[in-house]
Amino acid sequence: MKLVMAIIKPFKLDEVRDALTGIGVHGLTVTEVKGYGRQKGHTEIYRGAEYAVSFLPKLKIEVAVASGSVDKVVEAIASAAKTGQIGDGKIFVYSIDAAVRIRTGETDGDAL
Amino acid sequence: MKLVMAIIKPFKLDEVRDALTGIGVHGLTVTEVKGYGRQKGHTEIYRGAEYAVSFLPKLKIEVAVASGSVDKVVEAIASAAKTGQIGDGKIFVYSIDAAVRIRTGETDGDAL
Amino acid sequence: MKLVMAIIKPFKLDEVRDALTGIGVHGLTVTEVKGYGRQKGHTEIYRGAEYAVSFLPKLKIEVAVASGSVDKVVEAIASAAKTGQIGDGKIFVYSIDAAVRIRTGETDGDAL
Amino acid sequence: MKLGSVLRWGAPALAAGLLVAASAYAQDAAAPAAAAAPAAPTPNKGDTTWMLVSTVLVLLMTIPGLALFYGGLVRTKNMLSVLMQVTVIACMVMIIWVVYGYSLAFTDGGGLNSFVGGFSKAFLAGVDVTTTVETFSRGVVIPELVFVCFQMTFAAITPALIVGAFAERIKFSALLLFIALWVTFIYFPIAHMVWWWPGPEFASTNPADATVAGAGLSWSFGAIDFAGGTVVHINAGITALVGALVLGKRVGYGKDLMAPHSLTMTLIGAGLLWVGWFGFNAGSNLEANGYAALAMINTFVATAAAALAWMFVEWMAKGHPSLLGVASGAVAGLVAVTPAAGFAGPMGSVVLGLVVGVICFVACTSIKNALGYDDSLDVFGVHGVGGIVGAIATGILVNPALGGAGVVDYTLDGGAGTAGAYDLATQVIAQCKGVLLTVVWSGVGSFILYKIVDVLIGLRVTEEKEREGLDITEHGERAYNM
Amino acid sequence: MKLGSVLRWGAPALAAGLLVAASAYAQDAAAPAAAAAPAAPTPNKGDTTWMLVSTVLVLLMTIPGLALFYGGLVRTKNMLSVLMQVTVIACMVMIIWVVYGYSLAFTDGGGLNSFVGGFSKAFLAGVDVTTTVETFSRGVVIPELVFVCFQMTFAAITPALIVGAFAERIKFSALLLFIALWVTFIYFPIAHMVWWWPGPEFASTNPADATVAGAGLSWSFGAIDFAGGTVVHINAGITALVGALVLGKRVGYGKDLMAPHSLTMTLIGAGLLWVGWFGFNAGSNLEANGYAALAMINTFVATAAAALAWMFVEWMAKGHPSLLGVASGAVAGLVAVTPAAGFAGPMGSVVLGLVVGVICFVACTSIKNALGYDDSLDVFGVHGVGGIVGAIATGILVNPALGGAGVVDYTLDGGAGTAGAYDLATQVIAQCKGVLLTVVWSGVGSFILYKIVDVLIGLRVTEEKEREGLDITEHGERAYNM
Amino acid sequence: MKLGSVLRWGAPALAAGLLVAASAYAQDAAAPAAAAAPAAPTPNKGDTTWMLVSTVLVLLMTIPGLALFYGGLVRTKNMLSVLMQVTVIACMVMIIWVVYGYSLAFTDGGGLNSFVGGFSKAFLAGVDVTTTVETFSRGVVIPELVFVCFQMTFAAITPALIVGAFAERIKFSALLLFIALWVTFIYFPIAHMVWWWPGPEFASTNPADATVAGAGLSWSFGAIDFAGGTVVHINAGITALVGALVLGKRVGYGKDLMAPHSLTMTLIGAGLLWVGWFGFNAGSNLEANGYAALAMINTFVATAAAALAWMFVEWMAKGHPSLLGVASGAVAGLVAVTPAAGFAGPMGSVVLGLVVGVICFVACTSIKNALGYDDSLDVFGVHGVGGIVGAIATGILVNPALGGAGVVDYTLDGGAGTAGAYDLATQVIAQCKGVLLTVVWSGVGSFILYKIVDVLIGLRVTEEKEREGLDITEHGERAYNM
């Protein structure tokens, strides 16, 4: 099993969710995060003090999937989240040893 | 060493924390997240526009533990967080290569 | 490739970011989290009810880096985030299988 | 020039002969001046303006004032429900008020006149731009429609005060039904019992017995209450306590952190309550004269003193001076000074504030915890306890020897506003009788109404809904989507 | 003692001979009393105070009232832009008002007098602490500077109402230019057409024809409008609808969740709007008498009724009583009662509120969806539709047979305030003509102005900026940094 | 009818003979009318109402107005501490005011009368519902208790203004001690020096020398100040600057992002400040007449102009028009127009607003950065600088040739309110002397008091506490638990 973690632009959430639903992924977890990268922030000025705001709002999406479907999932997220503009975000994939559904106690594949 | 990541219902936090303390785990990190899954959201209506709100508030708990205690930890979280209702959440486990306590520089097991 | 996840005190963010920029790391993701650990919280009293608030505000920083630079990165974070006081936080490292830059589709090393 | 004297008939020695009652309550302005045949007085535009403004201020207290004060104290998931409850209650009661509420409170009730008015002014029949009502000065009147509006805002805010007791768990439909019944069977009768009397013109030209015979029950006890300590605060506070007991504790009470979701909102609310309360207290004078100014300064200093008292006691007892403490203390001071506003002197009000700040602190912390009821936002601890302290203290502070303003005896000097004699025991006993009547009527009455509503539609939401929060489950909305 | 009668010349049968027009609108206070030679009347300090207070209340409606009401309804990323738009529009229009706005609205326009005033009081020339203006009672005046202030707040809030229509997408610089043009070519002329007339003194001592000849076009139709239903609400509502159509929908409209970011702010705003509206409506009486009280009670009950009506209809239709519904209903009630405030009776106002609550609910849900325009905050659905309902209903509810106040005919009893005859059809037709004039002038005029501004600097921000939010892109700030 | 003329004795040529001083400050209402033997004047109820309302408005400015304005500008972790500081300071000063503050400010100080009053009215001895004070018109009085209340709100808000300078780092207990000392040794004396004089009745019936001999020091300079530019704003601004210097910068200043946590709250605060300021400025007229209206319109247009000026300059200089800029500009305009409110003409006020908007923008951006002190919320940059600009400009704008109202000379026409002669240099020099006196007294005095408190209990919290935020560490609460 793998966990796919994607950092995306906030307004792309609905499209990504739809894309995942489209390929049969029906569970995911979203976190509001702030990203720092190549995309430039902006300057905010408060009473004479200028601050370069370099952390931009992003969303982190985490989806646990069976190892076999990782490519499909990454592909789906990547194309739904893409605008072609700088700051579109990243996708990281890592392995998970185990998964449990709390309600039923089901594990691994059944837990997703 | 393993990292146990659990997505739970928000009001279960105190019970989970107590359960973990009960088995000797005294550190954890909590994040507010929004979950999408089988649990149905609700509909909100604003001036004639209906929106299906499908992202529900959840908490993500992350606990780093020695490999040996993983099962006990997963078990503790699972039973404390369980209501038996849909939407109770998931637990994922993955391996971590290293851990450092910033204050002291201690590493791995000592860092937890 | 590795993912370095650090839990730090909030006001240390700028120093950590600067330290990472100093060693050539130009991307990272930040999440507001609440931490539970040895550091004591405080008591809040509301109209006769006392609540021990044991979850303290922390920031989680996630940085994906090439495996070779992990030590440097951990070192940079650890020294920038250190105050020597209890509650300075932790750093965890784990392996990631893949990374994708959504904008370009570049993968792995090129994606960072 | 002042408010109303009392027939101190509780004291037989004093009741002999010449002592004639007059208003005991600042808000009586009962008999339409139309009754005064010779030359009908015209309203002074300064008075009219003051009452228009006071009315607006009392609305400000309610929406957004009270809504925010309460809303800030609940958890995020119930914020919207509290805003909704306060707002809709106020709207509903305004409509009931013009349909039959004003009439039940402020007309002669015939055979039931000791307890409640009649329906002669239902739908505001006979009330128009030309009718006037008397103030507390003989020969001074204001347009009746202003009085209707002013009193309407009192009727609207009082039931809204109650919601704090069972916030975060009541069913919205049950709440509306309960409040509609409550104003009808509890509020309007108590308002009538406390505020209905024949007015200064009548009292100045008739023997005491006649005046008393035409007044409401509580009025006839001789208790004084400047701006509604009994009708509004004790009444709401007791109903709240009964409600907290009947509905039971919130799920997770005493275990989960139920910290106020936004003390910022609570402070805005507390500020607007204070600001609006000047309409409530100084407006209750019905006239823009020195007594209105007295009510104003008392409403300043009692509030400030109570806020400081609560803060310092808490600082000593718990180690920190908290904003919630200051805000709670301020409201306690406002509540306590309400019945005393035009009667006490400024220094008396400072003392009253200091005392009530400490007492309400104890009530909201130790006592509530000891008794174990879950009055979510301390309506009883602040309005009930503070109201009782204020009502009884008023009987003491009115004493001219303590800087108080005394009580007008309209039979003296042709109703010119001369103060009558003062006797501590008599007055305090009268105050206690007034309090008791309110406590019993409100306590027993509201208990019955809660039970009726519980049988009809059920008072509480399900535990699941309570856990998820009333905002989503009852109203399909959230207060914040940030 | 009342407001102003109308020359009902739409009805030829009634126009014969003795029927002389007088004010049709509560806010006319045109001719400086200086004109009245014999003994210049002095302002009553009660009236002066009432108008000072009313002016302050209308500012409270705008900042922070309206700013919060609207701001709460947008998404977090546009919150600050809405606060900014409302605030800066108000400031800008205040300056324009003293430079030439007051003069264009409230002076004789010479040859163009039917449509607009002149420049004789530009820079407030000749206005000082000693000049006064007439109210609606013969011989009663208030200081002219108070009237200038009071009317200034109306001019400031009206254009701010419009921003709700195209919130979250308009360019800030374009907005400022548009509003500067809009007040000049739309608001000041309409205010003049509706509110300019020779005043009670003139109307009481001259034949009807002379009075009508000196009045603005809409006034001369004989329509009545107590506090600005046409000038303010229909005018803003129509301009809003045109704006929503010209600017087009927001990116993501109908697809993305555009839930109000803080209904708490919206409720605070709604509460302050209600509170401030008493200055708007009861202040429009220009005098602190029974009619001000009538306007006040109507503004209470119509609002409460409309809030309840919207809530119950929504509850039945959608399953939940929502706070946004209650707040929207309250504003709809306030809008509808604006023209009727001093004319209808309280029970008529209750009915008006119930009706408009339902109609605006339908307009803001079904109709808007059916037609598919994106009026972000329902300015047309509430102010346009509610304003039209209110304007026409006023013609019915003023009927004394329905408890209304009737319309003063100044030619009777030497201008003592006696009501003239009432004819339903005549009055309703007059109302419709007034509405139509406003709709056409506002609709056509604002369309032209939008197009001019679009050509000059472009109305909308780029899609990219819209996605990121106007706060950062237009103002370089965020509303919250929590 | 107007405010008060000045003995322009700074100009020897003018001081000869008949030129008699009168009020220089709008708020003097010193001598209780009791002194006026023949037929004691009765308060007009319109005036009384206006002063009651004005008093309430000044409270609204403070809580919640100022609390929110400041609170929104700090970081989340210090929000609650700011709300707390403003609220508790206001409460504490209210109590001090009735205990000895009113007496120190508004009674004859005997040998020290040039500097401070005495203790004859401590505990409000002798003040009751029947005593009155003079306004600025001969023979016009208001109830003394209203005056006590109105002035109390001034005493309560002024020290609360200071907290902006050292927000986010001061120890709560130290703050309370400092403020208690500050009002005693700085505020009450300055209020006395600026506002105490023998009143219109005395000035109209006695030679100039006698009037001057009985007045406070600053009053006797002949400077004019309508509503407290020196006593309130310059005083608070200078104390703030000294405080910022003595306490030093916040930890992380200039390095960490210290963005306002909620500009929404700041805007609400700014709106309520504006609304309430009408009580402050127009209320300072003490009477509801044309001059109150003049003060009102000036308070509208100067504010609007300053907001726009700041916005446009910032737009040009920094590329964005910001809400913080508009709000700051509005407050700068309010501050600057405070001394000028009843003296300048509307167009003069527009110019004043435009000028002060630009000057304060420069002060808060370039100058503060250049000098490097950390005045957290720009109290000095806005209140200090804006106050000085306004005080000096008042000397120019009062000129009738510029549309100003002139200054009453009570020795003319039996005190009927006729304006005296005007000389630019004389008046401006008088203004500067008044400013200088305030700057020196406030600057030196507050420096000493800061040092005393620092020695006694220490001014700053520890760095650790400052990092964690004052909310938790000082008050054990957080503003938000969302």
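Here the chain labels run A, B, C, D, E and F in written order, and each chain numbers its own residues starting at 1.
Assume contacts are C-beta pairs under 8 Å (C-beta built on N, C-alpha and C of every residue); 3 or more make two chains touch, one makes a residue touch a chain.
On a predicted model such as this, the values are computed, not experimentally measured, just so you know.
With contact taken as defined at the outset, chain C and chain D are each touched by B, F.
Number of steps on the shortest path from chain B to chain D, with steps defined by chain touch: 1.
Residue numbering shows that chain A and chain B use the same positions for less than half of their mutual interface. With centres set at the average Cα position, the gap from chain A to chain E is 49 Å.
Work out the mean CA point of chain D and of chain F, and you get 35 Å between them. Between chain B and chain C, the centres computed from C-alpha atoms are 18 Å apart. Across the assembly, chain D contributes residues 44-47, 49, 53, 257, 259-260, 262, 268, 318, 320, 322, 324, 476-478, 480 that each touch 2 or more other chains. Multi-chain contact residues of chain A (touching two or more other chains) are listed as 31-32, 44-46, 94-95. Inter-chain contacts, as defined above, occur between A-B, A-C, A-E, A-F, B-C, B-D, B-E, C-D, C-F, D-E, D-F, E-F. The residues of chain D lying in touch with chain C in their complex are 254, 257-260, 314, 318, 320, 322, 324, 328, 364-366, 368-369, 378, 381. Partner chain F is touched in their complex by these residues of chain D: 1-2, 44-47, 49-50, 53, 57, 75-76, 257, 259-264, 267-268, 270-272, 274-275, 278-279, 282, 287-294, 296-297, 300-301, 303-305, 307-308, 311, 318-324, 326-327, 330, 345-347, 350, 405, 480.
If you check the complex, the residues on chain D that touch chain B are 252, 255-256, 467, 472, 476-478. Within the complex formed with chain A, the chain B residues making contact are 2, 6-8, 31-38, 54-55, 58, 60, 70, 74, 77-78, 81-95.
Partner chain A is touched in their complex by these residues of chain C: 3, 17, 26-31, 64, 94-103, 105, 111-112.
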